[in-house]
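Note that the chains are named A, B, C and D in the order they appear, and that numbering of residues resets to 1 at the start of each chain.
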Amino acid sequence: MLATLLVWCPDRAGLVAEVAQFLFVHGGNIVDAEQHTDSERGVFFQRVVFELDGFDLSRAEIPGAIEALAQSMGFDHALHFSDERPRMAIFMSREPHCTYDLLARWRVGELAADIPLVVSNHPDHADVAEHFGVEFVHLPVTPDTKLAQEKVALDLLAEHDVDVVVLARYMQILSPHFVERYQNRIINIHHSFLPAFVGARPYHQAHERGVKIVGVTAHYVTEDLDAGPILAQDVVDVSHRDTVEDLVRKGRDLEKVVLARAVRAHLEHRVLVYENKTVVFS
Amino acid sequence: MLATLLVWCPDRAGLVAEVAQFLFVHGGNIVDAEQHTDSERGVFFQRVVFELDGFDLSRAEIPGAIEALAQSMGFDHALHFSDERPRMAIFMSREPHCTYDLLARWRVGELAADIPLVVSNHPDHADVAEHFGVEFVHLPVTPDTKLAQEKVALDLLAEHDVDVVVLARYMQILSPHFVERYQNRIINIHHSFLPAFVGARPYHQAHERGVKIVGVTAHYVTEDLDAGPILAQDVVDVSHRDTVEDLVRKGRDLEKVVLARAVRAHLEHRVLVYENKTVVFS
Amino acid sequence: MLATLLVWCPDRAGLVAEVAQFLFVHGGNIVDAEQHTDSERGVFFQRVVFELDGFDLSRAEIPGAIEALAQSMGFDHALHFSDERPRMAIFMSREPHCTYDLLARWRVGELAADIPLVVSNHPDHADVAEHFGVEFVHLPVTPDTKLAQEKVALDLLAEHDVDVVVLARYMQILSPHFVERYQNRIINIHHSFLPAFVGARPYHQAHERGVKIVGVTAHYVTEDLDAGPILAQDVVDVSHRDTVEDLVRKGRDLEKVVLARAVRAHLEHRVLVYENKTVVFS
Amino acid sequence: MLATLLVWCPDRAGLVAEVAQFLFVHGGNIVDAEQHTDSERGVFFQRVVFELDGFDLSRAEIPGAIEALAQSMGFDHALHFSDERPRMAIFMSREPHCTYDLLARWRVGELAADIPLVVSNHPDHADVAEHFGVEFVHLPVTPDTKLAQEKVALDLLAEHDVDVVVLARYMQILSPHFVERYQNRIINIHHSFLPAFVGARPYHQAHERGVKIVGVTAHYVTEDLDAGPILAQDVVDVSHRDTVEDLVRKGRDLEKVVLARAVRAHLEHRVLVYENKTVVFS
C-alpha cells in the first residue's frame, strides 16, 4: 500500500530535509517525490508518495505522526492512502461523449475511483450508466426547480459518499451553495481555450472570430463562471474550411482527453490549488 | 513564370467551370488550385496558379483578358506574376529575435520578397539589418513625435515602394491613418492566443491566470487593437513551474515561427480577407 | 442528396475544366471540390461533391454519363451517393478502448456508416457490442484454426455485406488471402509512429530506445506487416518519467483519435491510394 | 551564485534525506530540486540547485565536502557553479539556419555559454560567425583529409577550452576517436523522428513512405550513427500536398527549436545519460 502526502506552506530552508528525514527514520521508501517553489509568492509545495510496507508506524499511527510533524514545522498537509478510493459522480446532459469516455476508461482500470452515480437533467442516456453498472438518476431542471433539484443532488452525493463531482458537459450552472459544498472538488470541462470565449456557445464565438486554433479547458468550478483554477488545456488546429459543426466535432475529441487528464490528476492527488491557480504534479 | 489569380464573389454554380475553361482554352497549365465556399454567407473564393509558358496570351494581354472575364462573370479578383517580388519592410523595437529569424529565412531563400528596409524606434540593432544588407532607419518615437515620425515612416515606405509591413515585435501602436494606408498589408505578431489576453504584457496576464498553454497570433492590423483578421496561431504547453520569464522565452520560439508562417502566406498570395476573417489557402 | 466523384489519372491540362463543365451543364451545384497533382509522378487526383437536387440527369443515369465522360477523357473514377451508407465491421481483441470509442462516435452520429458486426478472438466484450445494438461474434483463433476462422469471418462479412473492416486493436495478423479480398478496405491502428517500431510491443521498443515522443499510425493493411499506406498519425510527448505502462495509457488516447480520423476519411470517400501512399482530402 | 549538484547511483532509501540534510545543515537554500527513480533498473537520479549565498562552506571547500559525502553515501556526482560558463563550439556546413538561430539566441542571453568558435567544412558563412563576434575556421574535408582535419579541429577545441560541440547541420560523420574524446558532449540534430529514417536524406525517405508527420531528433553523438541517447524531439504535420522541399522547409523550423532545446538542457546541467537514454530534468 502507498501513502501520498501533500505539503504546502510559506517557503523556508530545510523543508525538504525535514520531510525526507521523517520518512527515512521511520523506514519509508519514497516511490515518487516532486516539489515546487513559487518564488514570486514564497510558497512551497511538495508531493511525496511512500510505501507503507516496511514503515515502522502502523497505518493508524501515521496521520497523528504527520499531524505532529506538520505542527512543529508549520506546514499544511493532506494525506491519502491508496486503498481509499475516491468516490466520483458524473453529471451529464444531452451529449454523452465525455461520460462514455470516462466510464470506458474506468472499466479498463484507468481511473482509480469508485463511480456510484450518474446524474443528468435529461433522461436520454440512462442506458449508458446502466451498461457500466452505475446508478442513473434523472433530475430535470427548470429555473423554478433548480434549487430544489440541487438539494436532491446534494442529498444523493451525501448518500453515496461522493468526494468529487465531474461535470461531463453538464449544461446547468451550479448555485454558489452547491459550489461551496464541493470547493475544489467539482471539475468542469469548458469547450474553449479559457480565458478566451467565456460563457455560452464558445465554438460559435471562435468561428465568428476566425481563430486558427480552438481549445478546451478543464477547471475547478468556482462561483465565477468559467474563471476557476485551470487543471488542463489542449488545442487543435482549425481553418477557414471548418464550420461550427466541425469545431464542435473536433472539440469533442479534446473535451474527452482533457477532462480525463484533469480527473486523473485529481484522483491521484497530484493537484494543489492556491490563488486561483493550480500546481499539477506530473 | 507563374501567374496567381485570386477570385472572390457571391457563390453561384459554374464559377469553377468558367475560370477553368478560360485558362484551358488559352493553353494555361494549372499548377495549383484551391477553392472554398463559405456556405453560411454564400461567398466563393478561389486561388489558381498557372504557367505562362504555353499560354496563348502575352503577359501584357493577360490582365485585360482576366478583367473582361471578371466583369462578365461578376467576380472580384487579384492577379500576381511570379517575377513581381513583393517589397517588404520590417518594423522592430528592442527584441531582435523575429527580425533575425525573418532575415535569416530571407537569406536562405524562404521568403519570396525584396526587403529594402528595417525601421526601429530603438537604435540597438542597426548591425543586424546591416549584416543582411538592409537599410536600417532609427525613428525614435515619443507621444509628441509619434505622428511626425509616422509620416517619415510612410515617406520611407513610399520611397522604397513597400507593399507589406511586418511588425516584428514593434512595440508602438500605429495610428488609424497609417493602418488605413496599408489595409490588410500590415502583419503583426501578438504574443498571446487571441482573443485571450488582448493588450499589454500578455505573458504576465497568462501567468496570473494560471493557464496551461500559451500561444501567439499573427494578424493583420486594424484600427481595433489586437482585433484584426487572424492569419496564424500556435501554442506551447506551460506548467506551474514556468515563470513569466519562461513564458517569454517559450513564446519567442512561437513568435518567430508563427510570424514567418503568416508572412509566407501573404507573400505567396494565399490570403483572402472578408468580414474580419481570413481564408488562408494551403 | 449528394454525389461524391473521385477522379485520378495521368496529369494533363484541361482536366479540371472538363469535369467542372460537365457538372455545370447538367445543373450540378458543387458543394466541395479539392484537387491534387503529384507533379513528381505526374498524377492528378480530384474529389468533387455535388448536389443531385437540380441536376438534369436522374440518379440512375448519372453513373453511365460519368462512365462515358471518364472514357472520353481517360480518367479512372469512383462514384458514391450519400444515401449509400458504407457497412463497417469492427475486429477487436482484449482491449476495448477503440471499439468503445468508435461505437460511441457512431451513436452520436459522427460516423456515416452502418455497423452490423463486431468480431473478436476473445469473448470478453460481447456486452459492449450488445449495448450498442451490434451483433457480436466470438471467433477464437489458434495457429491451427486461423485460416478456418478467417473463412468464417469472410463469410460473415459477405453475409452482412460489409464494405470496410476496422481493426480496433485486433491482435491477429490477417492472411494474404483475407487482405487481398478487402484491398484498401481494412484499416488498422498500429501503436507506433511508423516506420519506427514495426512489429510487436512497440511501446516497449520505444521505452527501450528512450524516445521523447511516441505516436500511433492508422494505415490500410497490406501483405507487408505495418507497411501499408498511411492514413493518419499523431504523437504525444513522453519523458524519462514515463514507464511502459504510461506509454500504453497515453498511447490509448492517440489510438482512439487517430483510428477514428482515418475511419471518417475512408467513410467520407476522401482517400485515394497510389504507390503505397495516400491522398487524404480535407 | 548558484551551485548545481547532479547525483546518480543505485536506488536505496534515504538518499533524498541525506542530500537534503547535508545542504540544510550548511545553510544551503535549495532553489530547485528534482529527482527520478528508474524503478525497473533500480537507479536513482537527482538534480539540486542551491544558493552559495549563506552557505557556511566556502566555494573552495564545497567540492571536497560533496566528494566526501558522495563517498560515504556511495553516489556518483557532478558539481557545477553558475559562474563557470560552459564553452561551446558550433560545427556547420552549407545550411546556416541552426547556426543563425543558436547565435541569435546567444546574443539575447538565452544560452548560458561562451561561444568562441564556429567550424565549417564550407567557407560560405564566415560572415555569420563574424557578425556575432565569433571566430570562424574553415576546415574543408575530403575522405583523404578527414582524419587530419579532425585533428586540427580537436586542437582548436583544446586551444579554446571547449566543453561542448554542437553539430548544427554539420554534414560530416565524426570518427570514433573524435566522438570518444567528447563523450556525451557532442549534440547533433538529426532531421528525422528517430529511430525512423536513420541515415542520409531522411526527408526524402519520409516523403517516399508517405508519412503524415515528420520530426527531428537532437541526440548525443555515439559511434553508432544516429543511435545515441535522445535529448529532444518534435514533429510537424505534413500531407500529400507537401513535396520533399516542403518537408525540408518545415523541418528547418523544427531543427532550430529542438536543437536549441537540447543545447539549453545540456548547458544548464539538466541531462543525465545512462544505458543510451537520457534523464532530462525540467
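The rule is short, and it goes like this: a residue touches a chain if its C-beta (ideal position, glycine included) is under 8 Å from a C-beta of that chain, and two chains touch if they have at least 3 such contacts.
Keep in mind it's a predicted model, so treat the numbers as computed, not measured.
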| item | value |
| --- | --- |
| Touching chain A and also chain C, the following chains | B, D |
| Identity of the chain that, by mean CA position, is farthest from chain B | A |
| Centre-of-Cα separation between chain B and chain A, whole angstrom | 41 |
| Distance from the mean Cα position of chain D to that of chain A, given in whole angstrom | 37 |
| For chain D, residues contacting two or more additional chains | 39, 241 |
| Residues on chain D engaged by chain C in the complex (per definition of touch) | 36, 38-40, 193-197, 209-213, 215, 229-235, 239-241, 243, 276-280 |
| Residues of chain B defined as touching chain C within the complex | 13-14, 16-17, 20-21, 23-24, 27-35, 37, 39, 237 |
| Touching residues (chain side chain B, partner chain D) in the complex | 95-97, 100-101, 104-105, 107-108, 110, 127, 131, 241, 249, 252-253, 257, 260, 282 |
